[in-house]
């Protein structure tokens, strides 16, 4: 029950710390027959990688996965997919000061409280480097989703006080997102976000933001009625990522100010085509036509989920990401003994977590959707 | 995998629908030796009950639990606690119109999509009546928490455009919350909320809001480092409740606009007393002194969780609740066949869900905390 | 983790004790669309019921289930099936002597050791009356299996020193099994078993035996390769029943004396028909033809499982059942304080558990097979 | 749900196949603070290793584990223990013939049936090489058990028609077991077993047997009352190992012939010392005195478990192991297309699986006991 497994039917189990030899990732429950190779994992791992631009940390991490099992002659074979990542850049010296002082905003104190001691070389198990495993597993999940005509795409909609207006999440393309280092699909906003992050970095500070994520092509009927509502599992998935302090979907916190007559989404007949094209970038290799509903809603304040079950409308959610806790300036804190002191956290850190968060968020959504797709296979008599 | 069980060590499994004979609730994993009787379940069930005031639905539901097992001579005996609720007020006729039309904002369409048909008598399994089970199980959890000096308390901080300012969640008392039918501890705001709800009701409409929930006295060290972070499990728990569209903790979505130097909470030595009194209303019967830390944080923008593990500071979170979807006016929708029509949802519904949400939210938080308290028992060598 | 849930996709959770108001049983994960009523549960409950013949206890228990949820208009609707059993015959006085003395062979001492005290009215949670829930849930599972052309049937093959030779488990019929109160399909052996049980009863003693169970029509491919091998899950299922001290399948313990050249089952082409008729008593309502393999094995020493995965051959296993621990004569024991004493266990007990064990064993096998049938739905790309 | 995780609180997840790069093993839930290094894993891995004697296969496998995480400065730190094994001796050519023919007694046909194809290089996922992971994880579990004064020891009691009489399982020592290559603690029987295995090997055949396993020092109270009885979890654990066709504990199948008056174990006061010494080879480093009961049973036909919960008496069980399916002689079988053919399985195989089974069986028992020890921590109020 130490919480290193995610998912029920599509299960990801991980081990590893930032300053050990590397990470182990086991993906259990992937159906047999999916074409898969290391190449499929690389694009998202590159998007997650440090050192992509001046907006992200300049650490150089070797994020090359090795697939040890689960794939035979180019296809998943039903047995667990074993993936390894070796850690390359272990400059432990950089972190020496945190051995006896608690970094503000980090898990140092809480780990000590939980286990009686901790791996003080970097964040240990709490390091965000652990997300390499999630992103790799998420890439497998995305391939499964693509076969069903489902695409997951995230993008940055806010950094500090700079916000981007995205009116139609289903229309955003991967190219738009990847066109700038911030991963904001609105060019003018992206430019201002970039400037802000650069300014913050020069101030030896960091800045928070919001990431929006959308899943297009999800058929109606995913999610379970009571405890395992799709919204609940998505919320858990995203809140399990480092630095996430909030999750909302559809109209989100804005519903607090609404009346029912404003907020309810009206059901309407779908246009003849079902109103659906395969999402951009998705070729359905599974012979599955993308979901073509007869019924839609006129608006999507419900974010694609009603009663916790997918409605067929785009699933749209947002998460709030705090500013990086490690900032290159002295901060007050206490020693392990409880005495007041100052700490200067060394190392190279992202001034803004948002750009690299995007593939992590996508991965978690993909993992949840695949899990529920598999669960949905048992909802009715065959 | 149909998702009718919540929790890992302290597990709640439920069955039942709004218009059948009643509900079954099995609480498995409660340690032996806890004094427990039906009386312990009643206070929160009464707070959840319809018909408490003109602010809530006038339906009359018999929410009297029967404990069939798990308690022997007044104490839990380690075997599963079986609880029954009989449904009394089954005016099925009220719901007849929804058999062939999809109510906007409800799970009618998504259930049909999932299972191929559905129980159309009221919400069936998606009815919020299901939360009687959660509130009963949560009351057991609260008793376990009280022994450890932990108190969970929720209250309404926003209804529509009326907000209440609560500066110190740890100082709010149950009496303040229960002093008015809105369950807002700030009297002036409560009065205006009441007026607003009354106005909305007369408009044959409904209104959303925000509920804040705080857990006081939680020791540091609860929560698991990676997937089962405490924040993730709390988020899932609250998002699994009907009508919740957003979850945040600590500074929440406001972190998006903050810099690290503003947001980081500084560690400081605790005052000699640990700065803690037992929370109001909590007599620790277990011989456990409330948690007295040597180290605290000066501020609590982290909402009591760092790295997903409790820090010993109050756990504070908020959820956004949508306006009731059932409103007593005609709405556009479609039939099951997809043809446009109008629907007038009959029955008696809350014009605002917030007042009755409070005990539901508290119950879910209590369930998560007890689960993690039990999990924490295995974190170290004994 | 208190172990009151069985299964992963088809999950049974139970609560209740022998001398409380009754039992709660929640079956979660049953696919929507299965015709189901209380009538479906009664036949196996009657076979499990005490007081069927002079061979079984004369206690009169009301084993009438009430289905509270999960069935709508005669079909399962995908939501959890809630089943209740009320306890009728609570002659607590009969058990008074066991309050302070440990019954040999029972769980009195081990419960006390585990929880610090126990419900001493009868066996409490350890009473075999708990199996009413298993048999009811198993009846639902059997209906699902029947749709796939699968039949589970158990029968007694040994009582004390009287053994019955059953050469072809697939040829045994329910009528043969139910033709005598022992549930042994070989009439001559059945007659001698009956005599033996009667003799033992008159001796104020009890007697053990062996039950064989066979599942016919199971398609190849059920079971998971490593930890959740089908043989492992069947073993756990049957060993979780009271009084079972051993489990074997196929050649079982006899393999210890065999050579590989004797034991290996040779693969052969199947006859044109696949060599399979629907098992007796099974009309496949699901439109599924019974499994018709192209490949079979010449013999079935592997008991229908290779590498822990079903081979398409009949699954055949056996369990050893101990003689009833409660015997109507004085036995030496100790008090709770550890002082030597004698105990005379009152009440009415089966002189031989075997006849009533048959439906319990069938139920557990059915639960495992349905669980693995559902799991198999996710083994390959759809 | 593909079954590559074992345990609930102490969880082992594995991936890997016999002819890929190697195996990944993640042990999640080990309490923090246990001294652990690779050295702790080696003794049992050496006992499991092929090529130990002429009685076992002459394959040379590199069974050296690498611990990648979960241990910091010599102690477990509460995070998942990641262990790797690299495969060294990949003579794939030896197995080429099985690509298109089904080996009798193996999982080739059942894997094909399940997944539509399979990794035909050796046994793939069904290879017993997978047990390196179990033995390594079991060694961690054994260290935890030793702290509590619990020892698990297995030994061979039967090979073919040669049986060894072990009157007191608690008196057998590791030295006695390791004194001969068969791992039978009775020297004369061991010598005859050795001769038999040698004879069988020369006959190009294989032979089955029985392994007995005992856990000494287990306190009363482990195991859950209903589905997760200790006997059920032990049965599942051992039946999940390759080649196991039967499991029994205590009197086992012999109970079928017994009367209650013969079989019941009488409770008696324990001698002043509790009648217990720490088991041989166990120094309790955890400061836990070995369990010293006030109450014992005069005999142990119940194999240390009553009502599925440990009684404090030695837990004693036995498993039946089939003769190795791969024998160096031609066998009849069919091709994947179903055509009759012959197969000669190449490679080097154990003529008798028993000697190498011993550490595998011990590992599984240790995993179950640690899981239930951790579960027992939540059975009562703290």
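Note that the chains are named A, B, C and D in the order they appear, and that numbering of residues resets to 1 at the start of each chain.
Going forward, a residue touches a chain if its C-beta (ideal position, glycine included) is under 8 Å from a C-beta of that chain, and two chains touch if they have at least 3 such contacts.
Note that the structure is predicted; figures quoted are calculated from it, not measured.
Distance from chain D peaks, on a Cα-centroid basis, for B. Chain pairs B-D and A-B differ in how many C-beta pairs are in contact, and the one with more is A-B. Work out the mean CA point of chain A and of chain D, and you get 40 Å between them. For the pair chain A and chain B, the distance between C-alpha centroids works out to 26 Å. Taking each chain's centre as the mean of its C-alpha atoms, chain B lies 45 Å from chain D.
Among all residues of chain A, those that touch two or more other chains are 1-5, 8-9, 14, 29, 32-33, 78-79, 114-116, 125, 225, 378-380.
Residues of chain C touching chain A in their complex: 1, 9, 29, 31-34, 78-79, 147, 225, 286, 374, 377-382. Residue ranges of chain D in contact with chain A, taken from their complex: 1-5, 8-9, 11, 13-17, 20-24, 26, 28-29, 32-33, 66, 68-70, 72, 75, 77-82, 84, 114-119, 124-125.
Those residues of chain B whose C-beta lies close enough to touch chain A in the complex are 1-6, 8-9, 14, 102, 104-107, 109-111, 113-116, 123, 125-126, 130, 158-161, 200, 203, 205-210, 219-229, 231-237, 239-240, 242, 244-270, 294-295, 297, 302-303, 305-312, 320-327, 329, 331-334, 338-340, 375-376, 378-380.
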